[in-house]
Amino acid sequence: MEPVSHQMMGYDRAITMFSPDGRLLQVEYAKKTVRQGSTAIGLVCSDGVLFVTDKRIIDSLIVPESVEKIWQIDDHIGVTASGILSDARVLIERAQVRAQQHRVTYDTMIDTLGIVKDMCELKQICTQSAGLRPFGVSLIVGGIDNDGPALYETDPTGIYFGYKACAIGESETEIEAILKKQYKESLTIEEGFKLCIKALSKVLGKDITSDRIDAAYIKTSEKRFKRFNKQIIEKTLKEAKKEK
Amino acid sequence: MEPVSHQMMGYDRAITMFSPDGRLLQVEYAKKTVRQGSTAIGLVCSDGVLFVTDKRIIDSLIVPESVEKIWQIDDHIGVTASGILSDARVLIERAQVRAQQHRVTYDTMIDTLGIVKDMCELKQICTQSAGLRPFGVSLIVGGIDNDGPALYETDPTGIYFGYKACAIGESETEIEAILKKQYKESLTIEEGFKLCIKALSKVLGKDITSDRIDAAYIKTSEKRFKRFNKQIIEKTLKEAKKEK
Amino acid sequence: MEPVSHQMMGYDRAITMFSPDGRLLQVEYAKKTVRQGSTAIGLVCSDGVLFVTDKRIIDSLIVPESVEKIWQIDDHIGVTASGILSDARVLIERAQVRAQQHRVTYDTMIDTLGIVKDMCELKQICTQSAGLRPFGVSLIVGGIDNDGPALYETDPTGIYFGYKACAIGESETEIEAILKKQYKESLTIEEGFKLCIKALSKVLGKDITSDRIDAAYIKTSEKRFKRFNKQIIEKTLKEAKKEK
Amino acid sequence: MEPVSHQMMGYDRAITMFSPDGRLLQVEYAKKTVRQGSTAIGLVCSDGVLFVTDKRIIDSLIVPESVEKIWQIDDHIGVTASGILSDARVLIERAQVRAQQHRVTYDTMIDTLGIVKDMCELKQICTQSAGLRPFGVSLIVGGIDNDGPALYETDPTGIYFGYKACAIGESETEIEAILKKQYKESLTIEEGFKLCIKALSKVLGKDITSDRIDAAYIKTSEKRFKRFNKQIIEKTLKEAKKEK
Amino acid sequence: MEPVSHQMMGYDRAITMFSPDGRLLQVEYAKKTVRQGSTAIGLVCSDGVLFVTDKRIIDSLIVPESVEKIWQIDDHIGVTASGILSDARVLIERAQVRAQQHRVTYDTMIDTLGIVKDMCELKQICTQSAGLRPFGVSLIVGGIDNDGPALYETDPTGIYFGYKACAIGESETEIEAILKKQYKESLTIEEGFKLCIKALSKVLGKDITSDRIDAAYIKTSEKRFKRFNKQIIEKTLKEAKKEK
Amino acid sequence: MEPVSHQMMGYDRAITMFSPDGRLLQVEYAKKTVRQGSTAIGLVCSDGVLFVTDKRIIDSLIVPESVEKIWQIDDHIGVTASGILSDARVLIERAQVRAQQHRVTYDTMIDTLGIVKDMCELKQICTQSAGLRPFGVSLIVGGIDNDGPALYETDPTGIYFGYKACAIGESETEIEAILKKQYKESLTIEEGFKLCIKALSKVLGKDITSDRIDAAYIKTSEKRFKRFNKQIIEKTLKEAKKEK
Amino acid sequence: MEPVSHQMMGYDRAITMFSPDGRLLQVEYAKKTVRQGSTAIGLVCSDGVLFVTDKRIIDSLIVPESVEKIWQIDDHIGVTASGILSDARVLIERAQVRAQQHRVTYDTMIDTLGIVKDMCELKQICTQSAGLRPFGVSLIVGGIDNDGPALYETDPTGIYFGYKACAIGESETEIEAILKKQYKESLTIEEGFKLCIKALSKVLGKDITSDRIDAAYIKTSEKRFKRFNKQIIEKTLKEAKKEK
């Protein structure tokens, strides 16, 4: 089935429509937006979960710290995104409120999957109702709850899957190829971090700088969202460049 | 009547429209979405109902347990789906709430058909009202109530039929052909499970692994939704491969 | 007036529009949907009303009893339908509620025409308001009230007529031809049932089986909706085949 | 100005639009629907108002009494219609409620013009608001109030005129020609009835039967809506056929 | 700028749109509707205001008195219209209610301009909001308030101007030419009436009859809306025909 | 960038759309409407603000006093407009209510800029929301508040600027050229008035009459909106014609 | 991917649509609007934040002080904008209310990022919901809060970044090139002001005058929004011209 004929027929110009071969084209285009976003990686490690992302800062006048690619949802849950970041913010702020409400209502931490399901419910609505476009963003949600560390990837459709390791954004394919070869469940956060930096370093080449990288982790033992500081990022990056 | 002319006329671009030959094309396209989903099978057995599905996991980094293709609605009712899984979730979560409300209100378990009718009411609305697209998902709902085991298949139109055995998704036709030949009402859940695994094994060929398979059952005597554990799935799969 | 030119002009793509020759094309297409539905027959007999329908079951794995083509609205009123059965359900469930409300409010049974008018009111709205498509279903409503037995046919427009005998669905024309020749007001339910089975047998040929047939009646003396049991259906079918 | 060019421009595909020459095409098409309806006649007679209509029943299985073409709005007001009868029902049921409300609120009978104005208000709204199509029906409302007998014809625009005698529907032109020649204000209801039957007989030719005719009157002296019984219709029809 | 190119571009098919040269085409088409309406004339006379209109009755079965072209809004204010008369009714009934409310609220008569402004407010809304078409009617509102006699003409845009004498409808141009030549502020209602009848007589030729003419006046001294009786209309018409 | 290509692409047919080169075409067309309106001039003088306008009356039957081109918003604020005057009225009546509310709520006079901002807020909404077209009118608002005299011009976009002197409408360019040469901040209202009349006289040529001119002023010392009487207008016009 | 083909397909004519290559064209066009706006610059200085803008006044009759390009949101936060200024006003007035509400509710000053996030939330909604177009404006928000001086740029998408120095509007590229070369974090507000004036002077050439320039700053030590007075602007401009 060639996409061109669909475009001419108009099946992709009204969001709540199926094409004759059963596709929701607006949702598929939204996925393309994601693949043009800057790269984000998530890893389940032996001692927690890890997020490493490219902030893709190329303007030297930008304050690197002001560019967020990893957000904290609650003490024990973080998220990274690729695609339209203002779309991501809508979902993330909603998740932060949900987590807070859960604490207040039940006096316990919300589990990671609960946050994911709630985000995906809103994403699904935007693929079925007229008057709203699908969210142009994929997210990697990771957290530590009573079941231990978990990592989920959600796409514009509102579908989610649990992953041991995953990547989204422009270098998704290359990074996932690297992860499939080198990821092991026994990796510590520290080792995982090195793996991710090396992978990013490979796909970004000489464009990579410590300013472009945002990285965070949640240790199973601590259940506390923490960011890597600049020194560690820089040091790891230097090592990665050497090893290449 | 050739579908091409309809497409050019635009009858399939507005969901609440009949084509000149009396078809609702958007609903028919939604059914195509279903036929592209991964396969799901339901069986009424002599001692309960059975669900066996292909999870179609091909990415080794996915956590197989995180991929759901069979869901529990209540102790005594389960469901499997094929098509857009985020659409399925909307219907399933609604059904879970309905079942819960029924327990609280009447202090009895809801009957299987009640759950099915409620799902189909929402599906019908989405084929008649502007501003909403049809649900792109078929479901097999099975349960044990006072009338014993029952199994229903619902399509995007909101129509449902009771089945002794049925399949939905990409291998629907092949699986149903096998079922028509080999299904008997006297099959036990165990025997039915072997039949389903053999059928899936046939259509998936060498792609099949125990990780791809999700299976659950509800015994008439227990009225409790239970999943098959990995060992049994693996063992049965091995046997099925041998017998082939 | 050739329909093709209308199609090209777009008069049939917006439900609330008249074509230049004063037709509502969407409603006419909905009637085509009805003519593709499985056949349903209604008869006023000397001792009550009778419904006989083809369930058009061709899949041997379907549970025949699960397929409904005749529904009870109240003790004294029944209905059968042809077209989109999920559309029919919306109208029927509404009618069941209306009948129940009438009993509670006035402590008497609702009359058959009251049920028909209420259904047609909703049907009419769906032909005049934007955002809703016409109902793709015709219904035959029959009942026994203080005025005795009565039978009404309603179409997608929301128009209804009283009939002594009528048929809807794919074999409508053939069945009505038979009825016009052989129907007499003096027929008993039993005799009418034989006539209907013979008529269905003629149009369905060798495809007919007792599993495909749904039949029900309401006796004037009882005012109770009752279904024919399988034995009687089978016996009558056998006789019909012989007589042919 | 040729209508064809309008059609191609699309001025007739959105109800709330004027064409470049200042016409509301959707309303004009709705009038065509009326001209395809079965014929209805209204007469102001020296002793009351009279309605005579063709029910256009051609199916021998229809119960003639079930087909309504003349409706009572209140004791002293009746109405007949031509066009989409399910549209007519909406207006008539509204009028019946209005008449009832008037009785309850003011303890007097509503006057004929009050009923007409209220119907026309709704008709006008449907020609000016998006999301609703014009009513595809013309009505002849007749009644006896304190000002004596009165007869009004309303069209899909919501315009009304008082008439001494008028006809709507497929034979409108022929009947009105006859009325213009033979109608006199001095005609009694009986004489008017004969005139109408003769006129219908002329336009329907041999198709006319007493079953097709619905007729009713309200005497100034009685202020009570009454239907002609079948015997009188048959007798008058026979006489009319002889005289022809 | 040629109008044809606009039509092809579609600027006239969505009411809330400006064309590239800054015109609201739907409103301009609505004005064409007005110019096809039957003629209406308003005059400020030395002793009050005067309305004279053509009712354009051509069907001899119509009851002439039932055809309204001049309406009373309050004792001291009247109105005549040209265009879609069912549109006019909406505005007039609203004005009658406003006048009544003013009396009740302030215990004084509403001034003529207040009525005009209120009508024009609604007219303007219908040229700016989607979902409503412009009113296809112009009105001449005349009244006697504390500032003496006043006459206003409003068009479909919702613009109004005060006039000494004005005409709307099909013969607008011819009548205004006559008025410009022969109207003097010193004319009495009686003299003005003769002038109007003569003017109508000129444009309607032999088609004019007293049945077609509706005429009313409000004397400054009385502040009471009064209609001319048929005798006076007939007499004046006869004189006008002689003088021609 | 040629406007023709935009028109064909349809960017100007949906009000809430940007064209590929970042223009809101519907708003630009609305500005064209303004440039076709009759001319209006505003001046800040040494002793107050001044409004002088062309009423463009060409029909001798119009009552010149009934044609408003300058309106009082409050004692200390006036406004004139060019474009669709029924659009202007909506904004002006809103402003009058706002001014009144401010007096009641704060017991002080609203400042000129407050009125302007409120008008512009509504204008902006009509350029961003579907279902409403932009206002087809520009306004010159002038007033005396605690900061002294001020004059603002607002366009259909909802943008406003403070001016010492400005003109809108068909002769905008010519009048502004004259103002740029001859306007001085030291002009008194009387001198400014002469300047404006001379300017209008130049652009209107022999068409100008005192009936066409509306003029008003607010003195800083008085804070009272006052209209020039006809004698002064006539005298000044005569002088202007002589000087030419 | 060539933009022309998109335009012809219509992906840019419905705001909530993705194009086949995953772009939101309406948002991209809105960004073009911004690039046509007059230039605005923001700087984080060693002793506070600084805003310098071109007011692009070319009409000598405009009151320069009336043209706002920098607005105060609260004592400690200011903002400048480029694009559709009436769009900017909507966002700014909302921000002013938010800041006020924060003071009242929490008795502390809102932080700069809080204001930015709130503006961007509304901007995002306008890119995802039908019936609203994206805001055609970028803003530079700067403020001093407990974290010291901060400067954010937001675009029509609702995305924001922290900047040390940034420019928006027609000379964005040239100004940013200058800033990248000459901006240092150690610059004082006074030095930064000179840099900005020099940069503007370069891009505007001889068109620049002190009337066209609006400039404001907030000192870290004061947390008070203050405007540069005309004398300083003039003096700095003179120096800048000399140095060129």
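Which chain is which? They are A, B, C, D, E, F and G, in the order written, and residues in each are numbered from 1.
Keep this in mind: a residue touches a chain if its C-beta (ideal position, glycine included) is under 8 Å from a C-beta of that chain, and two chains touch if they have at least 3 such contacts.
Here the structure is a predicted model, which is why all the values come from computation and not from measurement.
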Every chain in contact with both subunit B and subunit E is listed here as none
Per the C-alpha centroid definition, the whole-Å distance linking subunit A and subunit E comes out as 68
Residues touching two or more other chains, restricted to subunit C: which are they? 10, 14, 130-131
Would you identify the shape of the chain contact graph, picking one of line, ring, star, complete or other? ring
Interface residues, subunit F side, partner subunit G - complex: 9-11, 14, 16-24, 117, 120-121, 123-124, 127-131, 150, 152, 157-159, 161-166, 176, 179-180, 183
What residues on subunit A touch subunit G, complex-wise? 3, 7-8, 10, 12-13, 15, 25-26, 29-36, 59-63, 65-67, 84-87, 89-90, 93, 126, 130-136
